[in-house]
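Here it is, the structure in full.
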Amino acid sequence: MMKKAWGSVWVSLLLVGILGLMGCGQKTETKKEGADSKQSAKQEAKADAGKGKKTFVMVPKVVMPYYEPCFEGFKDAAAKYGAEVEYLPPNEMKLPLQVKVIEDLIARKVDGIAISALDDIGLKQVINDAMAAGIKVVTFDAPAPSSNALSYIGTINEAAGAAAAEEMIKTMGGEGELAILQGGLVSSNLNQRFEGFKKTIETKAPNIKIVAREDTEGKIDTTVAKVEALLQVHPNLKAFFGVSATDAPGAAIVIEEQKKVGKILIGGFDDTPDTLSAIRKGTVSFALAQQTYKMGWLSVVKLCEAIEGKTIEKEINTGLLVVTKENVDSYMSEMKANVEKSDAAK
Amino acid sequence: MSMPLLEMREISKGFPGVQALKNVNFSLSKGEIVCLLGENGAGKSTLMKVLTGVYPEYEGTVSLNGETIRFRNTRDAFEKGVSIVFQEFNLCPNLSAMENLFLGNENRSLPGFISYGATRKKAVEAFRKLRMEIDPDALVKDLGVAQQQMIEIAKALSHDTKILVMDEPTAVLTELEAKNLFDLMRELKAQGMAIVFISHKLNEVLAITDRVVCLRDGENSGEACTREIGENDLVSMMVGREIDRFYSKRAGQASSEVVLDVRNLTGRPMTRNVSFKLHKGEIVGLAGLIGAGRTELARLLIGAEKVTDGEIWLHGEKVSITHPKHAVARKIAYVSEDRKKYGLVLPMTVRENTTLAVHSRVSNWAGFISGSKERTLTKDFIERLRIKVPHAEEVVNNLSGGNQQKVVLAKWLAIAPDVLILDEPTRGIDVGAKAEVHRIIADLADSGVAILVISSELPEILHVSDRVLVMHEGRMTADIPRSEANEETIMRAAVA
Amino acid sequence: MTKSIDSTGRAGRNFLLDLLKQKEMGVFLALVAIVAFLVCKTDSFASKDNLFAVSRQIAYVAIVALGIFFVIVTSGIDLSVGSLVCLSGVICALVLQGGHHPLLAVLAGLLTGAVAGAINGLLVSYVGVTSFIVTLGMLSVAKGAVLVLTHGDSVRGSTEQFSTFLDFGKRTFLDGRLSMPVVVLLVLAVICYIVLRYTVFGRRLFAVGGNEQATELSGINVRGIKFFSFVIASVASSIVGILYIFQYNSAQSSAGEGMEMDAIAAAVIGGTSLLGGQGSVVGILIGAIMMGVIRNGLVLMKVDAYWQKSIIGAIIVLAAVIDILRSKRK
């Protein structure tokens, strides 16, 4: 019917419009995070021409506030070392999207890529292709050990878990019932954190009992529902530990509503705005902030060294900062200051 | 005829809650065409299922050539020479004619491999024997209905068949194709085959069969030699009472007042330049071959398809109908030819289906449906149309074909139409219900409704119409008054 | 109910027998069994706090399920409901953060749903694209919009309007037993029941699902009906997105994620046929309660975390299988 033919035209127009909008969304990111709009265009042209300043691109797993300090460090280091930078996060945490970004960068012949690897095996091929094409690749925040990436700059997850456990023992006073929340039981980095955490608790705090471990799927609705249920099952529960970034703030919502702040303690991972807000309120006792600024900064440093032909370390542990109510507002500037200091000392 | 080829004696078959067959006797001789007659639910299918091995469990005896047998399954029956061609074909539309012909019976060269050369040869031979030109490689879905039926018949005859059962074979055929089929049947009869012919088309029964055996409510209700009886006798055997009139006589006559005036109507997909008038109280028949465009014309009139040229005038006023809701508002009703597909919402009740087009009548300003108004309206129509249901809350899906058709009629009569278009109104319903539908049509015409009856049954058209319109490939080719209308004049216009 | 919702209008039949024959009786009895099991096996299931929490979780899913029911009845599907929950909440919170009146914020949230639903409805009914594709696309568009607006962060409240808004929503009823979402659910359930059973619109919804072509030929504007069903589904999602803010004190960028699965599962468990034309409000409620109780029960029974997902997945598959068997038996 003719109506359907017209219908297809409208649908196509609509799809083109939507794709255009999404494309704009992407570009806005780069324009905002990189230099201003005019410079961004010039950067691309320069990168494509292959001369002038080096171009480094940061590819996180997805759009997320967690990565913003990473890029800040990336950007600041680039300003110091004379490189142009771009920020290209995929819209969704989906492997094919991240692969596509790298493929596009290979075509554009950029100088360096810092990638937070969504999937080690899944990215192996495209990272190796980039290396083969002469682009220097380092991983940050999440490693890709199967590939030829030059380095992993980030948190060593098992050690991170152990450090978190130390903090938890302190917070709990060495005893009590503890429930673990994990946003997905499949990711290796989360499991490594959990293993490190568990080992330390078992060896150093025999009076702390882990009574439950629940999968929160990284979703707020699930986290809240599980915490509510756990509070019912374990009436003597003393603390929650959140392994992934969304767990502690989710637990905080429930603890605040049930007016159990201070009675039930929460410790977590990553310094998302929600977690920091909860720390300020006292609902969350501590969060282990990954040194995201440092990851970004060191990525640029190491990429520059690699371009100069120097060998770089296979693994750089950027370590963690414990964020508590005391330093919640100052920790970030402290982190930045530390990084710049150690860099200057080189 | 000599000793019977087949004798079924005192056959009884019961299911939980219902005794389908009670001491039924049925026999067949070589070279005989026997009609198995009866209303829906009379037991014809059950009897045939006993014969063809679908039901191996039954009481009574079946003997072939004097030898008592009991088929274990359909394959067993098939191999002993009993085949059946069903009303609904069991063909694979995406396979070719010859592949379907030998489905289950493939010619193998090596184990597991089909020999296409041998298959094609055999297929061509089989089709030639049936006097049908069918390309063995043609996909079934691209073939016409008559040709598909031929493949089914060829399948049934692919073994050494002695008894061929045909269940409503002409239901989907045009007059011409049915004629071809009858020629084939006569040839098979001459070769000594015994044929059981199940049909509701009484004129055909009288034309092709030698003997008629009738069932009613699972029992024998009459038997006769075809040449000794007429149509009314057949009907009496089926319904168990005298029906002196199959087609109702009209009390009134068509008036001269024009209700519907269609001028040069052209539209999707095939209607070209159609013009005709309908008068108050008139019954106009619309004849033509299958595919002539009659349903398409009806759908144009009610706004289900797009009009690209021409005008529709109603009560002397030009109207624009672009959606069925306009047609309903203007009191034009269309009873479609496929009630299950286009006429009824099967999961809903009789009441809900009856009121489907008249929600404004049974609801208030806020959109709330008045249960009592609905029930009253439905009850009224159940009585008026003699719909056989225990109550109005019966789900329409459970009703017989005839009662379903009446519910569709009820729905459309509820809008109090000025124009009523009926598309194959008596297709697939039993004789008793057919007569009632015709009575309803006659009464409606008498009360002033202008009626257009689309039908592929010429006897029906000839009996009910004041005038006959004929269509061919989307165009109107004739407007024949009753006095001149007969099979010949209509056919000529239908193929011209 | 086996037919449309109006099958038991018969007078003088055995009421109890009819009640037992209702389609929903099977699931209802299953639900009663599960609840009884949990009450016995755990001391916490029946506690006031747990019931408060679970009933609220159920209410969120049930409201979305009620909305999506209107679409499913007409033989469509709406996969965008989860992401619209999120987007509507984000927009409502942003308006509150902008210092505007809470009513305006609520309106903005509902309008988000209405507009999205209208787009869905337009593309499905008037352009003719299949609802699976359209709503899948809307899911991505809504998710993308959330990212653009929030960069993955949540929208936290600091304005006075935000606090007023929260104060209203955090109210409880019946001595702290019923939360706002549960009350909203009850009101919406009653409204839906009345509309579906007693109004012309409700009748037509079922008719479209039962046989779209026959309904259109009977003079009913099928396109309009389908269009509205999508708007209703999306507005229901918006309501939940707004309700979430009361609990989370913020609009979270992962709120409502995956909710369409739970809503559809709840509908199917409760007797809604994905082919259209059948289902009931009571069934939806039973289905949503069943899903919520099972999720809660799994944690209360300390079932291993690795098993929980599989069990819930198995239940959803089971529900779909029962649905097919049910429709085949007819």
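Should a chain be cited, it is by its letter among A, B and C, assigned in written order, with residues numbered from 1 in that chain.
We take it that a residue touches a chain if its C-beta (ideal position, glycine included) is under 8 Å from a C-beta of that chain, and two chains touch if they have at least 3 such contacts.
Source: prediction; values computed, not measured.
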{"item": "Chain ID, smallest distance between chain and overall C-alpha centroids", "value": "C"}
{"item": "Most distant chain from subunit C by Cα centroid", "value": "B"}
{"item": "Whole-Å gap between the CA centroids of subunit A and subunit B", "value": "70"}
{"item": "Centre distance in Å when subunit B and subunit C are each reduced to the mean of their C-alpha atoms", "value": "45"}
{"item": "Whole-Å gap separating subunit A and subunit C, where each centre is the average of the chain's CA atoms", "value": "33"}
{"item": "Residues of subunit C whose C-beta touches two or more other chains", "value": "none"}
{"item": "Subunit B - residues contacting subunit C, complex", "value": "302, 304, 323-325, 327-329, 334, 336, 341-349, 351-352, 356-357, 359-360, 363, 366-369, 371, 375, 391-393, 395, 397, 411"}
{"item": "Residues on subunit C engaged by subunit A in the complex (per definition of touch)", "value": "42, 44-45, 47, 49-50, 53-54, 57, 60, 123, 126-129, 137, 141, 143-144, 147-148, 151-154, 156, 244, 247-250, 252, 254-259, 295-296, 299-300, 302, 305-306, 308-309"}
{"item": "Sites on subunit C touched by subunit B in the complex", "value": "2-4, 6-10, 198-201, 203-204, 206-207, 210-211, 213-221, 277-278, 330"}
{"item": "Of subunit A, residues touching subunit C in the complex", "value": "3-4, 7, 10-11, 14-15, 18, 22, 25, 28, 62-66, 68, 91-92, 182, 185, 212-215, 217-221, 224-226, 228-233, 235, 246, 249, 253, 256-258, 272-274, 277"}
